[in-house]
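First chain A sits with chain B, and in the next complex the same chain sits with chain C.
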Partner chain A sequence: MNDIIFLVINGITVASIYGLIAVAVSITWSALGLLNLSYGFIFSFAGYGAWLAERHIYGEPIFVMFMGIAAGIVGGVMVCLIVFIPVHDKPNFTIRGMIGTLAVSLIGGQILLQNFGPKAKLLPEFFGYGKIKILDVTLTADKIGIICSSILMLTIVVKWMKSSRRGLEIRAMMMNPHAASIVGIGVRKTGIYVMAVTGAMTGLSAALLSQTYYLSPFSGLTPMIKGVSIALMGGLGSVRGAVIAAIILGFNEALTTKFLGGRYVLMTQFALIIIVLIIRPRGIAGILDKAREA
Partner chain B sequence: MSNILEIKGLSAGYGPLRVIHDLDLIIQSGERVGIVGLNGHGKTTLFYAIAGLTHWQRGSIKISGKEIGRTRSQGPGRYTHIVVKEGLAIMPQGDEIFHGLTVEEHLDSGAFTPLSWKNRKQKREEILEIFEPLKKLINTPVGRLSGGERRMVSIGRGMMSEAKLYMADEPTLGLAPKIGKGVLEALLKIDLKDSAMIIAEQNVALLEGKVDRIIGMHAGKLKGEASSSLSMGLKN
Partner chain C sequence: MSDIKTKKRKTWKNPLAVWGAKGGNHEVPTPEWKNPHQIWRDTKAFKVPTTKIGRFHYEYKSSNHGEKIWNRLRWWPTRRTILLTQGVYNRKSLKPEKIRKDKRPIFWFLSLLALAIMPFILPEGYKNSLLTAGGIFGIYASINLCWTLVIGTAGIFSLATYAIVGMSAFLTTWLSINLGLPWWMLPMIGMFVGLAFGVIIALPALRLDGFYYGLLTLGLNELCRVFITTSHAFGAASGGLYGADTFINDNWAPMTQTIVQYYSGFALLIAALFLFRFVDGKRLGRILKLAPEKKEAFAEASGVNYKRARVTVFLISSIALGFIGGFYAAYYRGSAFDIFSFHTVIMGLAMITIGGIGRADGAVAGTLIIVVLDRVLVELGPYRYIIIGLIMMFTILFLKNGLFGVRKQFRDWRDKKKGEARSSRLERGGEMLPEQATETDNKDEIYRRRYDKMQREFLKTLICDEIIEEHKQKPLGQHSEALERVCYYFRRGAMNDKYVVKCEEPFKKYKIMALSGVRGRSPRLVEDKIYDTVEAAYHGLFLRRIQDLMEA
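For the complex of A and B:
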């Protein structure tokens, strides 16, 4: 029984970190038509931002976490200015955007490597070392903190998208970019907002993951691959689909680690994604969608 | 009376295709103008050119004296949001809707100019008075509405903004005659004040006597101009 609860907690912890990136990938894809492969770079960039803030400004863990989010926003806006705005109205934008963001990811990683060296860095524990015991299961403050802050971030983003004017713009662009330009929504301006918000989400996930594991110039690649595959399984463009897919894949990761060993995680993960996409080509969102398209 | 729209020597098209040929058009404030022509003669392209949505265009387009036309060869839609801010409300042909937004959000999405955003609640009420059937559907996603209801939402979205020029592209297309007539009547009910309205339509009979002027469109050029008999009668 304890094992099961432990697995559940682990699954949700993993899901909440990767889920943030998956939702970011999903929103960028459907709002801007950009399959953003630079989240790996934004991830490391935000991590180093938090690390620099801790060393040079102020060491308080919560402050470091917010600096990570801020660095993520800067990274997102940077990618938007470098890649999205120059190519968004050129022919073959989807491919160009993908290659451009991948290039940013690789070049950015090398620049980080040059400046900070290959040695892994550690961020302070944000949530302390406390422990709570519920029904014989020990919950560390770390896990509770990760889950709560991710859910909080996601709730804020979803609420903002639902209730604000900018959020309405972004959702309109996700549904019908042509009609969006007809009602006067500027693609470039909205692009900056989208990339800032998704950058903040990536920044938070970077801060959360770097404090448990470590931070290195290319430590963002695995979270990005996982984020993109979760977004694919959720049906690119659906926030709810991405969240559900993140939970499923989080459990898969926890279960596989427990019963088969950590090295099989990617294998079972992709097998699961392929099975879902064979049965439901539009991913989990295909099951959820109630409104018919255009 | 001032000129709301002033077009001089406008040509526009898609790729190698030239659809609009050196077109001139002046529309004054308070005017309701019908543009009538068959399918494929450039009504929609004229609207798209004004909004900057064609692939290329050249010539001068002025809204209230401000130049919005540019000679450009790529990037349809790149400047559309700027044109919309200058005071253009487009009610496009067919289903250019946001299928996942509720009717309420969809109407709000038409009010993105700063002034209209402030007045959006009051505007929404006014529009729901005109389109009664939408009142019950206010929280329904637009993707679940019927064709006629969608058209009402789409036209309502255009009416939400405080525009100088309203352009309705075939508002009755594909609707049952009775519903189409209702939609058109709603368009004619809008109090124009200082703004102007262009309605593109294939069916002359629907517009006759209800607009100030009817202009024919043929092969990318404006042909002939007839003041609508009834409104002339009223004015004299």
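For the complex of A and C:
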């Protein structure tokens, strides 16, 4: 029983990190219609930003984490300026945008590789090494910190989107981009906000993941693909769907590791995703709310 | 000819007076008038800048021979012509000429010929590396052609192409190592592997649309990568699985091995081109061209089972990809894990986007560019990926559909510019525009319109209150020269919409009508006003004509 709970908590920890990227992918798709596959690059970019800040500015872990978020914002805005703004009014925008973000991640990955080399880097532990024991289960400060900070980030973003003027603009863009542009909501300006927010989420996930695993120029690819899968299962464009999908996939990871072995995690995960998508072609959010038409 | 533009003569000479017409005076007092020759001189005068008219000869037209309009060569035993030729007559010289409507077969033939003789013309120093890259080019171009079938023809945005090739390569290598299969069996078995994977991957394609499917297949690619790299059977540690049987004999000279590799890749490319031609250009492709994205409902209503066609194309290309996978295993004696990586997917997408998605020539040319950058210019190091990324960015930012869409994009741009230039030099007044003039066969019409315009411009200068008053006084009979010229013009006008006076009741009611100009179609009434006398009706009609003249 204990190890199942341990695995579930592990799963939730991983899911909360990937969930951040999934929500970022979801928001970008639904607000801008951009399939951003450069989150892998933004992830590494933010990680290296945090690493540079730790080396050259100030080593305090919380400061490093915030610098990661800031670098993520910079990366997101950069992608917006390079890809979204020039391409968003061209024909076949979706496929053009996707290929553009892939080109950015190709170029960016190579530039990171040139500057930092292939050697893996590690960020400091942000949340110390404390441990708490609840009902025979040992929780490390690391895991609690990851879960809490991701939930906090998600809450802030959702709250901001629900209550602020900018959030209203973004939600209007999600519902109907044409009508939004007619009532005077600028596509480009909103694009910059959206990419900054989603970049911040990616930056946080980069900082959180790089302290437990490691950081390399291409370490963002796996989290991005996982995030995209979660967003897909949750239904592109739905935050709630992405959160539910992240939790389901987290549980799936824990249970598969326990009963089948770690090698089969991706297989059960994709079997699950394919089953959900065959039943509901628009993902879980097909039940919850209307997703953006492709 | 005098240079004075306006002569201040106060009298007109009556040309009819010499015949002693009744009531014909020699001279009549007249208002100021303009010399009618002046406008002709102005029109003829040299004005800078002159604009060139007509169209360029965009198409090369070859002359004909003999009495036949053209000679048709056909692919025996079909009725299909080798080159699509159109016979035309030169508009100027009326000589028969022929235009090649579709020059692509010529370019394909020349490029493939160049590839075929490549081993004999390459300089010795670069021969080995270039031929190796050429073999890789053949394989990748075939993969991308199959991918183009999936993305372009079938419209299924699948990113799992390299996953099918990789799985087929790994499974056939494994079978070859463990069962000792000969090399020629590998592509055959690969076809079954490809079919099996195609069926599995095609299942969600029936339900999902567009980018949902693309993202799912991206995940499937990752799944295959993780499965292969972590499994014990496929050699988790060595970076790939090697040891399959191959058609390349180690005892041959190194150059012979390279040349055999090159020509086998070339043969695979030719086979893939034939597959593309027979899927995209035949029934399946035509069905699917009726059902582009977002117009499926129309296709369905027309009785086209587009879903079935899509899945068929998907499965055919999956089988082909499986074949290529088996070939790949026999070519390299195995496969590396690299084939499943995200990097490979990006490179593949770069290959098909740079050339233009959905076109065979685009897929092959894009592959050529990327392979040259990736495999030949190795000394550039990581910069070559940055260059590839920049080319991708350039393509999506500035080109409509890749390199092979440039022709259409350029023509659209040129036509837009031409239209702008034409509208900037447009003169109103009914004269033909230069482009219109060169395409009108009846050249008399050009001069008639030009003369008509000049004349109307001249007549406008004559219209003044004096001649209107003069006409009011005496609608018929001899007038001053100014009024007479105006009346001649009006009387000579075309029959359609020509004004006439209709007598409703003699000496009491007159109305103005307009003729239809078409036999059997009755005139129309232009106004309800009733004139008491025929003279008043004549004058009303005259005023209408003057109004039309001044407004035109």
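In this section, the second predicted complex is superposed on the first by the 289 of 294 C-alpha atoms of A that agree within 3 Å, B and C clash if a C-alpha of one lies under 4 Å from a C-alpha of the other, contacts with A are read in each partner's own complex, and residues count from 1 in each chain.
Convention: a residue touches a chain if its C-beta (ideal position, glycine included) is under 8 Å from a C-beta of that chain, and two chains touch if they have at least 3 such contacts.
Since the structure is predicted, the reported quantities are computational estimates derived from the model, not experimental observations.
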Label the relationship between chain B and chain C on chain A in the superposed model as either fit or clash.
fit
By the touch definition at the top of the document, which applies to A:Ile185: first (chain B), second (chain C), both, or neither?
first
What is the contact status of A:Ile99 with respect to chain B (first) and chain C (second): first, second, both, or neither?
second
Greater residue coverage of chain A in the superposed arrangement, chain B or chain C:
C
With the two structures laid over each other on chain A, which partner does A:Leu35 touch: chain B (first), chain C (second), both, or neither?
second
Quick one: classify A:Ile151 as touching chain B (first), chain C (second), both or neither.
neither
In the overlay, answer first, second, both or neither for which of chain B and chain C A:Leu221 touches.
second
First (chain B), second (chain C), both or neither: which does A:Leu266 touch?
second
If you stack the two complexes on chain A, which partner ends up touching A:Arg171: first (chain B), second (chain C), both, or neither?
first
Does chain B (first) or chain C (second) touch A:Ile85, or do both, or does neither?
neither
Thinking of the overlay built on chain A, is A:Gln114 touched by chain B (first), by chain C (second), by both, or by neither?
second
Across all Cα pairs of chain B and chain C, what is the smallest distance in the superposition, given in whole Å?
10
Under the contact definition given at the top, report the residues of chain A touching chain B in one complex and chain C in the other.
90, 294
Chain C - residues contacting chain A, complex:
157, 203-204, 207-212, 214-216, 218-220, 222-223, 226-227, 230-231, 342-343, 346, 349-350, 353, 357, 382-383, 385-386, 388-390, 392-393, 395-397, 400
Quick one: which bits of chain A touch chain C in the complex? Just the residue numbers, please.
35, 37, 40, 82, 86-87, 90-91, 94-100, 102-107, 109-111, 113-114, 218, 221-222, 225, 228-229, 231-232, 236, 263, 266-267, 270, 273-274, 277-278, 281-283, 294
Can you list the residues on chain A that touch chain B in the complex?
89-90, 165, 168-169, 171-172, 174-176, 178-187, 189, 290-294
Give every residue of chain B touching chain A within the complex, in rising order.
51, 53, 74-78, 80-82, 84-85, 90, 92, 95-101, 105, 108-110, 112-113, 117, 141-144, 157, 161
